[in-house]
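Okay, so subunit A shows up in both of these, paired with subunit B first and subunit C after.
For the complex of A and B:
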């Protein structure tokens, strides 16, 4: 198991009248690359991998998002990673693929609150409205590649690489306070 | 900021998600050791410096990660089209006047 590490305070939290940002508990993350007929992998994972970039599919505690024409990211409970690796290894001969445990690579920020979408515009040049609820996108936030999951109109998760996390959290912290100060 | 259409994501997105990756349609010789020094130099280093529509590679770095090709007017910075890597070079005449 690729154990999650934390390069900053795992309980970091900012909460204002505009939005709140907290660090999610560690989870299992896998990067999957494959081409061709995905049926063997779908059977191994117990879900149908989405083929449109940004789309998500979940089954039980496993969620898959399509990041590129031949790339997916899987998120699940920490304890479920080994089982997924084992199931996919069994279909490797049938459909060669790359499945890598990247659990330790990232931290996730949970960003919620009435102005959460506006908070994201602080570092993201992309129109947040084009990320529909229930989908996600890999994009850029203040120079760092991030993966944004839109769980609700004002509810997001942002996966960031550990080395960028303290900087991005500081920026979101400042943003939360500024938006709140503006409203006062 | 420029808006660039990614042919894989099928979305028009801000330039900050993309990285420029040089001239497009440069084909690596099948057998490099059969090349003369001049031919190899030309493959490695010699690029056109177009004023007007230029065929170039871009990469959707902070997105799907894919390399793709584009025709960009180097005078106006306008993208005439973008297309997937490996797709044939679009004919310039069909692009003129077309806004993507």
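For the complex of A and C:
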């Protein structure tokens, strides 16, 4: 697996009876850092930023996940980033914060299938069962920092920096086959 | 049926015969057999040679503690493994096995000459013998020791198997699926409690597999076991066999090694050979059972001399009689039952010899009713037989007097020195042990982990006791989890309870100094060696262990530790706890490197980060070099070019027209917030307050100690937003250091850091035609000296892509760095490459980048600096803000050593003879001084330079900045090179070329 992530086929990269992995379409991603009364930012974003680590809140096509006491990641459509930056810039004086476009920094694997949760145990030391559906966690997979979103009991997304993606995919690929062979 | 197979006994499947080979000969066994049980069924006891004396050896045990029967296994091409325990390896059709440590053959081995010369090979032999003459070490001693060292032969072919790993979280992990483990699982498996039960054997059951006579709750043991395992599975208990708990690590993390394919004739697709599990359990129950101890007497290692409990296992689990005329030698009741079982299965037990004066009446009367002669208060003083025991010599003992010996002919000696609770994993937890004088053994005391011990591993004996204790411990861990465990009680009939005593080496009527009474079979350590070690001054068991190698073999002292301790404590005249017990360390049994490596081999061995432009470089013939986790294009040779020629061409092209370079790996950090400028002032040496938005500056980062840690060009994008760049290798380190200061020292600052290294692809264009090439693609700024001077930055559009454009130069030429969103990198690169053809654009790699920057005297952190270099040493005092109240490293820079005269300073070097210096070469002022010479510095960078017309070098030289024009000397193995100290700037000192 030497190809850069931008060259991955957007369809299923690997599919077995145990799980399948594909690359999600590009989207807008922003790192938001702030502290204090978040009301101005909530107003600017049109949602209430969650304050518990791992919690997610969405409104329209914008979703926010809390990653730390003063840290959120925002996901939206590619074209919506500029609008969010503009809206937040307007409340900067009132509530100083850092908003950084990281849309191009990462790729996302969509991991689904009956044994998707087990597939994650190949590289993630965290107890996957403690990531409830509808939440997410920043953790590690095969030694690299990743953000895991749990969208369903057997449906996950994994955000990872571009240059780590081929290495991580190689393990996901091996794992899909290994788990399928185990069930057979 | 083989000669020693007992029909109707054992758990092997006689409907499935299996053929395998041992040392080339074909043997038959059945599915369910191990190599050892199948060989024993064929009457083969001789399975290997010992390590030091090359004595013939057979299986002494039936499980993973086996020290003797180590074999090589071949499972097809490339799949050879040495030191496999024959007692564990299951057989399958086509398995090839071989004995070890023999030449030319197992039955006739020339190395056995060591055995005759055993008086030479006593404890500390190596330390004493190989000391002198000193000159013998390299040529004679070391080759000899190396040739003699090691068991088995290392595999030479690449392992074609794959290995895996997984993480597992559970509420309760139970190690050992014998009676106590099974009962603990049943009791703990309340609703909602996840229980994992692991066992190293091919099937669960532990002792129950060897004691089918017992009846549990009215059912025969094996029926009960089958229904209990089914019930546990039904309750959701995860039962894992062929899975060894190899180590107990901090905070209830336990390593398990699961063997998946070694027992299979056909390898299933996509299936790893072994899987390492990292289990995090809230509670752990250790139910590892106990291991039987050998008795220590002259000749206790002859093939056919084995543990009584193991003989019982071979009979009841595998249907194999280990001998037809065995003698039982014991100091524990358990061996009496082994005698009865074997006798009833058709063996004629020649005698039960017990060291004790009185034994439970029921045992003695049962022996009598079976017609087995009983000898109480007896010792054993010798065995005979070359490749298999043929007799044992026993003597009556009365007080301290050993009477005359009597020889009993036999074909096996079944010994029992009592049982040692298995404390290995408990010991890994740094748990404390308590000495139990009555049972002459250590028992588990307290542990810092959430862990309990159940059954025989805490000294309990008998199936009912183990079941009851297991159930109690299972409920205890459920309690600890805050749930009510299941109440269970067990009634066991035909349970074989019993007691015994413990011994040092057995008394003998012969000279104990000549006895080959083995304590550690694998390392050939005898009782005499241990006593010698004590006589020669070893006082702690740790010293005795290292002096004699007792307990240091692959079995890690499972059989030898307690016997060794008893003998050492006797020799020292101290109680065992005062002599101490050596610490057990992971892994519990030998574990393959593959299991530890897991998925990280071949292409997946290590992460290699690649840029978006990497594929283009590969397509265009780049040679790569690793930089941190990244691989970077090093140079781009054309056909027929070597590295020097390619670099010369790349340098020349860049200085004369334009070169293109992938700088995407540079670390990038976005510093944003109202206090961004204050943060930058505190972090970097430079002043930032007056840097206007749209301008950039070279920043220098120090550690607390005042030494250079990192550098990079930093752009102020807006009032509150900085685009910081770091070195490629330093990116993560710098971000961590910044976060550390921000979170611990300056939490009051309103500023935040975001890594943007991978947000951007960064393309550098350098050379007199760089602006001309780039201008047509840029919207939003004009690339003129006036509108966009050197050290400017701007957000603009390049080739239709959103970009951050920097005018910077690491070459001394007109230079730009274009940052575009990462996935667009290759498109921009190709666009510029195509348009650049009119200027003969040349792609260059990191080597050319290094040469071009060295010609300008720009440092590379980590090459020209080594963590002991200050900005002043580097002649970069200009980068240190003089009016700033503080910055990281400011106090460090004021330390007396850092302001002292005569520090090593950064200078240029030009050799007098025009030769190229070697990087790392040492420098002296006076080449005629005596050796060892006073070294005053070293060469940090050295390159051929087309531009300068001769090789150039950068160096750190004592007081170098005040020695301009002086000659220094670089002594090399073949000659001494003279070089003149110069400025570090070799090309365009006026920076005229930076101007558009």
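The working rule: the second predicted complex is superposed on the first by the 173 of 184 C-alpha atoms of A that agree within 3 Å, B and C clash if a C-alpha of one lies under 4 Å from a C-alpha of the other, contacts with A are read in each partner's own complex, and residues count from 1 in each chain.
What we mean here is this: a residue touches a chain if its C-beta (ideal position, glycine included) is under 8 Å from a C-beta of that chain, and two chains touch if they have at least 3 such contacts.
All of these numbers come straight from a predicted model, not from anything done at the bench.
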Tell me the contact category for A:69 with respect to subunit B and subunit C: first, second, both or neither.
first
Please work out whether A:138 is in contact with subunit B alone, subunit C alone, both, or neither, and reply first, second, both or neither.
first
Which of subunit B and subunit C A:17 touches, first, second, both or neither
neither
Once the two complexes are aligned on chain A, which partner has more residues of subunit A within touching range, subunit B or subunit C?
C
Which superposed partner A:174 touches (first subunit B, second subunit C, both, neither)
second
Which partner chains sit in contact with A:58 here, subunit B, subunit C, both or neither? Use first/second/both/neither.
neither
Once the shared chain is lined up, is A:100 touching subunit B (first), subunit C (second), both, or neither of them?
second
By the touch definition at the top of the document, which applies to A:125: first (subunit B), second (subunit C), both, or neither?
both
For A:182, decide between first (touching subunit B), second (touching subunit C), both and neither.
second
Shared subunit A surface residues [contacts with subunit B and with subunit C]:
125-126
Quick one: which bits of subunit B touch subunit A in the complex? Just the residue numbers, please.
1, 8-11, 13-17, 61-66
Subunit A - residues contacting subunit C, complex
1-7, 26, 31, 33, 70, 96-106, 118, 121-122, 124-127, 129, 142-144, 161-164, 166-167, 170-171, 174, 177-178, 180-182, 184
In the complex with subunit B, residue positions of subunit A that touch it:
53-54, 67-69, 71, 125-126, 130, 137-140, 145
List of subunit C residues in touch with subunit A within their complex
162, 164-169, 268-272, 278, 280, 599, 603-604, 607-612, 614-615, 618, 630, 670, 672-674, 720, 750-752, 754-760, 821-824, 826
